[in-house]
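Here is the structure we will look at.
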Amino acid sequence: MWSYLVKRLIQMPLVLLVVTITIFLIIRFTPGDPVQIMLGMQTSPEAEAALRAEFRLDQPWHMQYLLWVGDLLQGDFGRSIRMNTPVLQLLADRLPISLALALSAMIFAVVVSIPLGLIAALKRNTWIDYLATGYTLFGFAVPNFALAMILIYVFSITLSWFPITGIGSGASTAPGLWGVVQPYVLPAVALGTLQTAIFTRLLRSSMIDVLGQDYMRTANAKGLQPLTILLVHALKNAMIPFVTMLAIQFGYLIGIQVTIEHIFAIPGMGSAILSAVVNRDFPVIQGFVLVIAAFFMLANIIADILYGIIDPRIRY
Amino acid sequence: MAFHDASTPVAVEPNYDSGFRMAMRQLLRNKAAAAGLFCLLLIVFLAVFAPWIIPYDPTQIALSSKLHGPSWEHWLGTDHFGRDVLARMAHGARVSLSVGLSTVAFAAAFGVPIGLLSGYVGGRLDNVLMRLMDAFLTFPPLLLGVAIVGLLGADLTTVTLALGIVQIPVLARVVRSATLVVREETYITATRALGAGSWRLVFQHVLRNILSPLVVQITIVFSAAIVAEASLSFLGLGVQPPTPSWGRDLAEARRFMVDAPWMFLAPTGFIIVSVMAINFMGDSLRDSLDPRSWVRRAVTSRETPRASADR
Amino acid sequence: MPLLTVKNLRTRFSTDRGTVRAVDGVSFELEEGEVMGLVGESGSGKSITAMSIMRLIKEPPGRIEADEITFDGVDLLALTPAQLRDYRARHISMIFQDPMRSLNPVLTIGRQLMETLQRHLRMSARDARRRSIELLEVVGIPRAEKRLDEYPHQFSGGMRQRVMIAIALSCNPRLLIADEATTALDVTIQAQIIDLIRRLRSEMGTAVIWISHDLGLVAGLCDKVSVMYAGRIVESGPVREVFYRPAHGYTLGLMNCTPRVDDIGHRLRPIEGMPPNLAEPMPLCPFLPRCEMAVAACRESKPRLETIAEGHVASCHANLSAYWRKEKVA
C-alpha cells in the first residue's frame, strides 16, 4: 500500500512538469502581449521595458520557465501582471469558493443518486427504473450552463425562490444559515446534475451486480432482516466503485466550473482563469492551471487510497 | 468419484427477466435508438439544407421585428436583432456538427495510431506513451480549451485543436486496450507465422477487431465535442459573430430571459436533443456489444487501482 | 412424527422459453438426526428442492407449490416472510457449494458469524464474539480469536467452507442442508469436512440433507438416499439397499459411471445422451431415451413410485430388483 502510494506521489510532480511546460509553451507562443494589453496605446518604451523586465518577459521562454519553477519551489507563485497582487493571494481568495461550489454539487449529486440508483436496481425493469434511466439520459445530455439557464428561468425569474447571484459577494437575501446555503443551490444543481447521472448509473449497475452474487443468497439464508441485507451486505459492496468515482469526480468538478461561475457571477478559479486568458495574465494562468491539475491528480490518488480502504481485497 | 457432469440445456439459475419484459426492453431500446437516429438526421438535414428550406438569413438584422415570439412566420421567434431563431439554430447546427466531426477526426488521427502502437509494441514504449496520455488526462478539458482558444484566437481550427487534444488520450486508451486483447488472440500469431508484413497485420486485423469499441467511443467524443464547443462559445471564446452558434446565442439570450424565453429555450433544446440523439445511438451500439462496458469506462478513464496493483 | 415432511413439491420458473418445471412432485420425510443424501446430475433439481424448502427461490419468476412442507409440526408454506426469516439459520441452515463466493468479501469473518447469533439468539456483541471463537474452534480453525477479524480472501477454500459450516451451525439448527458442500474442495479437505459433519451430527443430533453428485460420499455419510432425475425422485431408500440393489435404470447408470478405487481396470460406462428439457411435457419415464434397461411397458405408460423392499421405492417398469435376485440365484 505505502510503496504504491509513494510511487504515485513521485509520479505526480513529473506529470505536473509535463502539464506546466505544455501550458507555458502554449502561452508564450501565442499572439497577444500582456504588457500592451495592460498599458494600452499611450505608453513610453521605457515603461514597457521596465514592466517586461519586472515580469521577466524579456528572457527566453526556457529561462522564464526555470525561474518560475525555482520561485515555485520556494512557495512563490509570482504576481498577477494585471492586478499586481500575488497569485497566491488570488488563489487564497478563489480556491475556497471553488471548493465550496464543488462540494455543494457533490452533496447534491450524492443525495439524489444514492436513493435513485438503489431504487432503480431493486425495482429493475419497472416504471421507476425507466424513470431513473430517463433522468440519467437527460443528465448526460444537458450541458451545465443550459441547465443553469433553465433553473434560473424557473426558480429565480418565475418563482423568485433563489437569487441569480450571491456567492462570494457577502450580500445575502436571507438571514442565517439559509442565507449562506441559498445562493449555492442553483449553481450546485446545475453543476452536479451530470455527476448525479454518472453516480446513479454506476450505483444501479453495481447494485444489480451485487444482488446476483452468491453471498447475497447466504445473507438471505441466514434469515437477516431485509434492511440489514440491503444496507450492510449489498450496499457495502456496491459502494466500492461508487466511492472511488466520487473522489475522481470531485477533482474533475473543480476544473469544469467555469461556465457556471460565468452565469452566476461566482468569483471562483474558473472565472479567474477566463479573465486571465483574455488579459494574457501569464502568471495567473500558470499558477491556477497548476493548482487545478494538482487537485485533479490528488483526487485520483485519494480515489485509489479509498478503494484500498473499503475493499479489503486490495493491497497495493 | 463424481459421475459425468452433463450440463443441462434448461436453466438451473433461472433467467430473472421474464420474456415479456425483455421484449419490452428490447423494443424500448430500439425505439430510443431509432428516435435518436431520426433526431440526428433531422438536425443534419437542417444544417445541410438550411439556406434552401428556411427563408431567412440568420445574420439579417430586422429591428422592426425584434423579440417576436414564435409564430407561423418565425417558428421559433426572433432575437433582439429581429433575426429568425430557427434560421440561427439551423446554421448553428452547421458549426456544432462540423466542430464535432473535425474533433473526432483530429482525435482519431492521433489517438488511434498512438493506441495501436502502444498496445501492439508494448513494453517501454507503451509505458512512456501511456504516462504521457495520463498527463494529458490531468488537464481539465474545458480549461485547456479556454486557454488554447482564448490565447490562439477563436476559429474552427483552434476550437477543434483545443477540443481534440483532450480526446486523444481517451481514444488512445480504448484502442490500446482493445489491441492488447486482440494481440493475445492466436490468429494474429498465426498470421504473423504466415509472414504477413507486421504493420499491415496491425492495421488489417487489429483495426477490424477494435472497430466496434472505437465506434462507440467516437459517438461519446462526438457529443462531448458538441457540448464543449457550445461551452466555449457560451464563454465568448468559440466561433465569432456574426457566425451563428448555439452556445453564443445561448449567452446572448441571457439578457432577454424575461422578455424572450424562446431565445434561450431554442439553443438549449437543440443542444440537448442532438447530444441525447448521439448518446442513444452510442448506447444501443454499446448494448449490442457489451452491456457492462460502460461501468469499466466510467470507473476508469484512468488505469484501475486493481490493474496497477497487479504491476 | 418426522422432523421434515415434504409432499408433492413443485417448483417452476417462467422463462421466455416457457415454464420450466425444475422440481416436479418431490416427496420425502426426514427423521430427527437422520442424514439423507440427495443425488443426481446437475440440473436434476437437487438444489432447487433444497432452496424451495427454505423458500430461497425468488418469486416471481419462480413459483413454489406443495401439498405439504412441514418442519417440526409447523407448516412452512403458511409462514409470513418475517416468520420465515426467523426460521432460517435458526432452525434450518444451509451451506452452499462455492465457499469462495458464498461469503461476503467486504465483511470480516467475525462480523458474518456474529450477525447470525445477534439476529437469532439476541446475543450481545461480546457474547456473540466469544461464541464465534468457540464455533471456529469447533470447526477446526486454529488461532480463531485472531482470524475472526480477517476477511474471506485471507482464508483458503477449505477454511472458508469451515467458516460457512460454523455460521450454519451457530444457532444449533435442527436441520442442515448442505448443497454440494465439498464439491469445490480438494479430496483431503473434503474428507476433513465430512468427518466434521459426521462428528457434529453425532454430538448435536442435527438432521442433514446432503446434496451431492458424489455417490461415494453419500454412501459413506448418509443413512438413506434419494436419487433425483428431471425434477423428480426416481428412487429412494436406505443407502445399503439402494446402492447394493438399485431398482431404477438411472441409479444403475450413475453407479456404472462412478469409479472405484479398488476396482482397477474396470471400464466406466457413461450415461449417453442429455437430460430432458424440463419445459416440455413428459408423458413417459423421463429417463427412457437414455435407459439401457428399458422394457416394452416403458413406451406405454409412465412408471409410478412402487415399494420394492422395506423403505425402498423406485419408479421403474424394468424393476431391476428382480434382476438382482435372479443374478444371486444364478
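Observations on the model:
Order of writing sets the chain letters: A, B and C. Residues in each chain are counted from 1.
Please note the rule applied: contacts are C-beta pairs under 8 Å (C-beta built on N, C-alpha and C of every residue); 3 or more make two chains touch, one makes a residue touch a chain.
The structure displayed is predicted, hence computed values, not measured ones.
Both chain B and chain C are touched by A. Ranked by how far their CA centres sit from the centre of chain B, the chains are topped by C.
Inter-chain spacing, taken between the CA centroids of chain B and chain C, is 53 Å. Once the centre of each chain is set as its mean CA position, chain A and chain C turn out to be 55 Å apart. Here the spacing of chain A and chain B, counted between their Cα centres, is 21 Å.
Within chain B, the positions touching two or more other chains are listed as 17.
Against chain A, in their complex, chain B makes its touches with residues 17, 21, 24-25, 28, 131-132, 134-135, 138-143, 146-148, 150-153, 223, 227, 230-231, 234-235, 250, 253-254, 257-258, 261, 264, 267-268, 271-272, 275-276, 279-280, 292, 294-295, 298-299, 301-302, 305-306, 308-309.
Interface of chain A with chain B (complex): residues 4, 11, 14-16, 18-19, 22-23, 26-27, 30-32, 125, 130, 137-138, 140-143, 145-146, 149-150, 152-153, 157, 198, 201-202, 205-206, 241, 244-245, 248, 252, 254-256, 258-259, 262-263, 270, 273-274, 277-278, 280, 285, 289, 292-293, 296-297, 300, 303-304, 307-308, 314-316. Note for the complex: chain A touches chain C at residues 213-215, 217-225, 228, 232-233, 236-237, 240, 310-313. Of all residues in chain C, only 54, 56, 84-90, 93-94, 96, 98, 101-107, 115-116, 119-120, 151, 153, 164, 167 touch chain A in the complex they form.
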